[in-house]
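Order of writing sets the labels: A, B, C and D. Residues in every chain begin at 1.
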Amino acid sequence: MTVGSTFGSLFRVSTWGESHGEGIGVVVDGCPPRLPLTDQHLQTDLDRRRPGQSSITTQRSEPDHAEILSGVFEGVTTGSPIAVLVRNSDARPGAYEHLRDVYRPSHADYTYEARFGVRDWRGGGRASARETIGRVAAGAVARQLLQQAAGIEVLAWVSQVHTVFSDVDSDSVTLAEVEADQTRCPDPDAAAAMTFAIDAARRDGNSLGGIVTCVARNVPPGLGDPVFDRLEADLAKGMLSLPASKGFDIGSGFEAVTMTGLEHNDPFTPGELGPVTTSNRSGGVQGGISNGADLLFRVAFKPTATIASPQETVDTSNRRATLEARGRHDPCVLPRAVPLVESMALLTLADHWLRYRAIDVLPA
Amino acid sequence: MTVGSTFGSLFRVSTWGESHGEGIGVVVDGCPPRLPLTDQHLQTDLDRRRPGQSSITTQRSEPDHAEILSGVFEGVTTGSPIAVLVRNSDARPGAYEHLRDVYRPSHADYTYEARFGVRDWRGGGRASARETIGRVAAGAVARQLLQQAAGIEVLAWVSQVHTVFSDVDSDSVTLAEVEADQTRCPDPDAAAAMTFAIDAARRDGNSLGGIVTCVARNVPPGLGDPVFDRLEADLAKGMLSLPASKGFDIGSGFEAVTMTGLEHNDPFTPGELGPVTTSNRSGGVQGGISNGADLLFRVAFKPTATIASPQETVDTSNRRATLEARGRHDPCVLPRAVPLVESMALLTLADHWLRYRAIDVLPA
Amino acid sequence: MTVGSTFGSLFRVSTWGESHGEGIGVVVDGCPPRLPLTDQHLQTDLDRRRPGQSSITTQRSEPDHAEILSGVFEGVTTGSPIAVLVRNSDARPGAYEHLRDVYRPSHADYTYEARFGVRDWRGGGRASARETIGRVAAGAVARQLLQQAAGIEVLAWVSQVHTVFSDVDSDSVTLAEVEADQTRCPDPDAAAAMTFAIDAARRDGNSLGGIVTCVARNVPPGLGDPVFDRLEADLAKGMLSLPASKGFDIGSGFEAVTMTGLEHNDPFTPGELGPVTTSNRSGGVQGGISNGADLLFRVAFKPTATIASPQETVDTSNRRATLEARGRHDPCVLPRAVPLVESMALLTLADHWLRYRAIDVLPA
Amino acid sequence: MTVGSTFGSLFRVSTWGESHGEGIGVVVDGCPPRLPLTDQHLQTDLDRRRPGQSSITTQRSEPDHAEILSGVFEGVTTGSPIAVLVRNSDARPGAYEHLRDVYRPSHADYTYEARFGVRDWRGGGRASARETIGRVAAGAVARQLLQQAAGIEVLAWVSQVHTVFSDVDSDSVTLAEVEADQTRCPDPDAAAAMTFAIDAARRDGNSLGGIVTCVARNVPPGLGDPVFDRLEADLAKGMLSLPASKGFDIGSGFEAVTMTGLEHNDPFTPGELGPVTTSNRSGGVQGGISNGADLLFRVAFKPTATIASPQETVDTSNRRATLEARGRHDPCVLPRAVPLVESMALLTLADHWLRYRAIDVLPA
């Protein structure tokens, strides 16, 4: 379809809205009925991606209050579409007037023009990271479903910023550890170094990239629909659909390249409920289907395209121009990318968990 | 859907078939009418993925002859579904009898059992790489469409095997250069080293991973449908849907992590038809939409899971077992992965090119 | 999908909302960019389906003001999803308390309970005809697209109420003639008789069924995608998705049954731009594709299930109960069904018109 | 999508093939694993739609032998796509040479040309009723699923041919009674009159229309996904996607028009497992969802467009022409339409039954 704002098949999410329009929203269709759900489930996750949380993120101030408009009655989902609305309140379109006629480098300005022949230039319009509010709200619904129905848990953290690496045990890391620092890096030493690096980049009018690592726990064996809708394929799609993401790998990932089969294969051993692997280079998927081990994958993010230094570019008449950035932006998207990565993982897993259940209708 | 064997929305491809069943096939629905197409268009690409081509690939001998059964009349497509059938001929299911009761490590045996509660154990069944015949056949149709209608060209090659790197100019490399060596690495020195490494791995009963790099040229600006169906998101999905793939990145990819915004942004300069970038760290996409530069991305493949060395595993009764591999397999999938990567790129681009055209119905 | 609130593929519409929740809304994804669109385009059609318009419709008083929240910038569509919100204002859930524990005959109360295991009993919840607000709003967008891009016009009217038939020339009837009477029957004599019949039914605590006939003009030959997505198949689906509809036929329809092939076939004759038919028993479609003649079809509606007479039923504990209807309802849905039929026809045609254009990418 | 050869979402069916091409086929994706299935399950239904069965149907002689190519292993489905191939054997394209340059009235010749700009003129190509082989084969898989997993039964019969009505008790009629006569009308007196009428029409070079009535028994309450994917909406789409169909109604259908609400509503009474209706004017659906009563609906078919009498038409150069029909055709499609109606009902119900099960994942 030319229709690109929908994700998922059984747990189907459609987002809408622009940075400086009336608001941002999402419709979740396919959420099973009888799931306890309130505005507060959404707000918890929305607050994690909200701007203005710390010194190292954008200062745009938005309450980002989520209102559930439909699909919930007397505290539980009804099986009807769940519509969520977040009104924009700190929209300052005037602050973007200078972007009306110029294409920001490595932004979506020019490509949206090429795609649509028209462009909402106010703060990036649809291409703004504000769009991800809808994903996070829907992800919170998915989180509640996965938790209540299957005990599945998704947790992400910042594992690298620029050249600052962290040392995190993906088996044991907790949400509290992730949220303990504004960087969302649960390794305190690395977190301190990241904060220092991000602050320095901002002072320099520059920006930094990094990596978010994500784990999903208690995923039962059997999620994923080969040959095209492999679990890792849909995760990859979800992650590469996030603004500023440039890469995805799972398990051994790009490191698999320099391994041999003898080193790489995950031996099976008898577990209580069936085979388990004694290593997890597969990252929890084999042949496109979860194998019961933790899902473990990484997402690479580029340095924020918006920087406070002057840049060479062209205007909408294809003439040379110089861009001086204004507006309110993050020098490093990584801390706020954490809930985004989680939301796409949650949406993917909710969809595949429903698909996993859906065909189990005949006796074994 | 629980339905995972379909890829694409406007150019929609559905594959079917198992390694040792009656055959492998694909249905392409949505191919525009009036495209010149013959069996030979398909055969050219199928011959590139065919086993038994060289000393470093599996010795299974299959002619893999493609027969177009529908959708083509008097040499052109009619707009009706194009069905393609490739009969299996060298199927030797007996050779896999020993796999009936054991799960091969890092294969899909156990996970298919977990997903479906039943498993075609003959040569991997649906999880066999033979399934990709359907992708390659459909990719050949997409190649013909993209070439005839838009002049778009897709070319992939092996850029790394294990620790052997290559030096290839993605701007100028040609199909002839890629096909000149059995490794499909167009850097002759690297190709020689790769052959040596693959031969050594086979002699050791081992296997090697590697990277395929892919370029798409003459892609017009404007392909991609944010927010979820970004061009790179659909490419990522396509690539991670390939057997043995573990990672994907585009443009700067994982290297973006250690760059700053000042280093990473691609400056615009006036081009003949509009803005062009003077560098391509974006990899041809910005905001999920092509920007007119070449698409450039990488796919990481793990070392082949089938190795000729004994491995610890469990049987279908969850008891310890030792697996001694038999059957005919590649010690390194990379050379044959090249047409697979191309096929998924071609399918993604054909779909997005049709989507790109589909909404351009109102005056500018 | 279990996801049933989406209609269309290229012009994709998703509705949400319940009768007595926060509001009703719709998201239109896939509307081509650069289409002039304002709230007023929507309001015109919404006002036609609004309750309280005349003495023969429900007295619920709702302004049904539509607000476009996204996807429109500086007066034109941007290609991003168009979200529309209509707040509920005259919701009186208390008026439905007596329906909490009882199933109304020939309503959706029991079946929603069977489907979802939970039920929003306030005024029918999702099953209320208020849901159609989203369809009408989206239909107004489709109307604007079809008019601007293709000159296609859709017009429906009430052709029968109970035993009152009308005599209307589908070739020449106009919107003004339809809107001239509160019944939306453009035959004044029949309209008067219908009003009389409806008034009588209301006084009797009873209700009446009827037929809406619809014509689409200026539809070019070539719309429809066999074999399953025939134009008439998608129209039939759209019409049977309307509350209270029980049947659909096109062209000769059920009358074709008693005709012979010699009587029924539509002869071709040379027209200015190609073949035209000299009769239209086909109803504008042949083999599932429009042939350039007017589309002409009928939709049968049952008498409103809500009646003011006591009825035997059961309660939610499966015990006998007697229902005395309250609430505000139409004794005959036909007048207000007219814009609903139009909206589903518009949505179907907008989708197929985009599909018609989408594959025309190769030289003839 | 421009892609019209797929039906269903969870139980997804894609047909391909033309009347005089290599063959006809279908791919069923989404059939749950572990369903016993053999070629014979398909053949039983295919034999019912096969031409040449009796004196009143076409004399084209095709064995229509179905071969399952994938998705079945050791007698049960594996969860992978089920591909079915039926080779064409009695194709006589030469017999259609005279149709290369002329458009048959009320056929799809002209409209396919308008849609695709190219046309496989051999026997109607894709528009031939031979395409329905794929539907019937897939319908047989659905029949086996519905029977094994849910005990649901679908049965259709010819209830009217031209002006010959039948008297059939939809509650009790059996397959044996339907198959007892070549007309597939289980009322022997009516069957005799129908045979007489069809024979007379053939002798006159004419053709007749009629009605197929269909019942589905043991459908549990809860199937159907409002607001668009109502059960009757998807049934209507399926039926109107059949060649030569012109109308659909369910339950009271078009007769509801002349009823009042008091006459039409189906009272509930306590049943053993929950509420049941004491009448069935709803036809088994309320609010788009099955209510546990039998589904009961009708499909109107026009008289066969191919007649042996000369007809006025135009040629492909838009000049007047006279058509003299040749080829082998049915003077009345009704007897062979019975398995087609059943197949679309089976496909619709299999899809909705899976959807019904798919969301039932949380405690009541």
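Throughout what follows, contacts are C-beta pairs under 8 Å (C-beta built on N, C-alpha and C of every residue); 3 or more make two chains touch, one makes a residue touch a chain.
From a predicted model like this one, the values you see are computed outputs, not experimental measurements.
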Subject >> Farthest-lying chain, centroid of Cα atoms versus that of chain C >> reply: B
**OP:** Tally the contacting C-beta pairs at the A-B interface and at the B-C interface, and name the larger one.
**Re:** A-B
**OP:** With chain centres taken as the means of their Cα atoms, state the distance from chain B to chain C in Å.
**Re:** 45
Original post:
When the C-alpha atoms of chain A and chain B are each averaged to a single point, how far apart are the two points in Å?
Top reply: 26
Subject >> Where chain A touches two or more other chains at once, by residue number >> reply: 1-6, 9-10, 15, 30, 33-34, 79, 115-117, 126, 354, 358-360, 364
Original post:
Can you name the residues of chain C that touch chain D in the complex?
Top reply: 1-7, 9-10, 15, 103, 105-112, 114-117, 126-127, 131, 160, 162-163, 201, 206-211, 220-230, 232-241, 243, 246-254, 256-271, 274-275, 277, 281-283, 285-292, 300-307, 309, 311-314, 318-320, 355-356, 358-360, 364
**OP:** Flag every residue of chain A that touches chain C in the complex, lowest number first.
**Re:** 1-6, 9-10, 12, 14-18, 21-23, 25, 27, 29-30, 33-34, 67-71, 73, 76-83, 85, 115-120, 122, 125-126, 354
**OP:** Spell out the part of chain A that touches chain D in their complex, as residue ranges.
**Re:** 1, 9-10, 30, 32-35, 79, 148-149, 354, 357-364
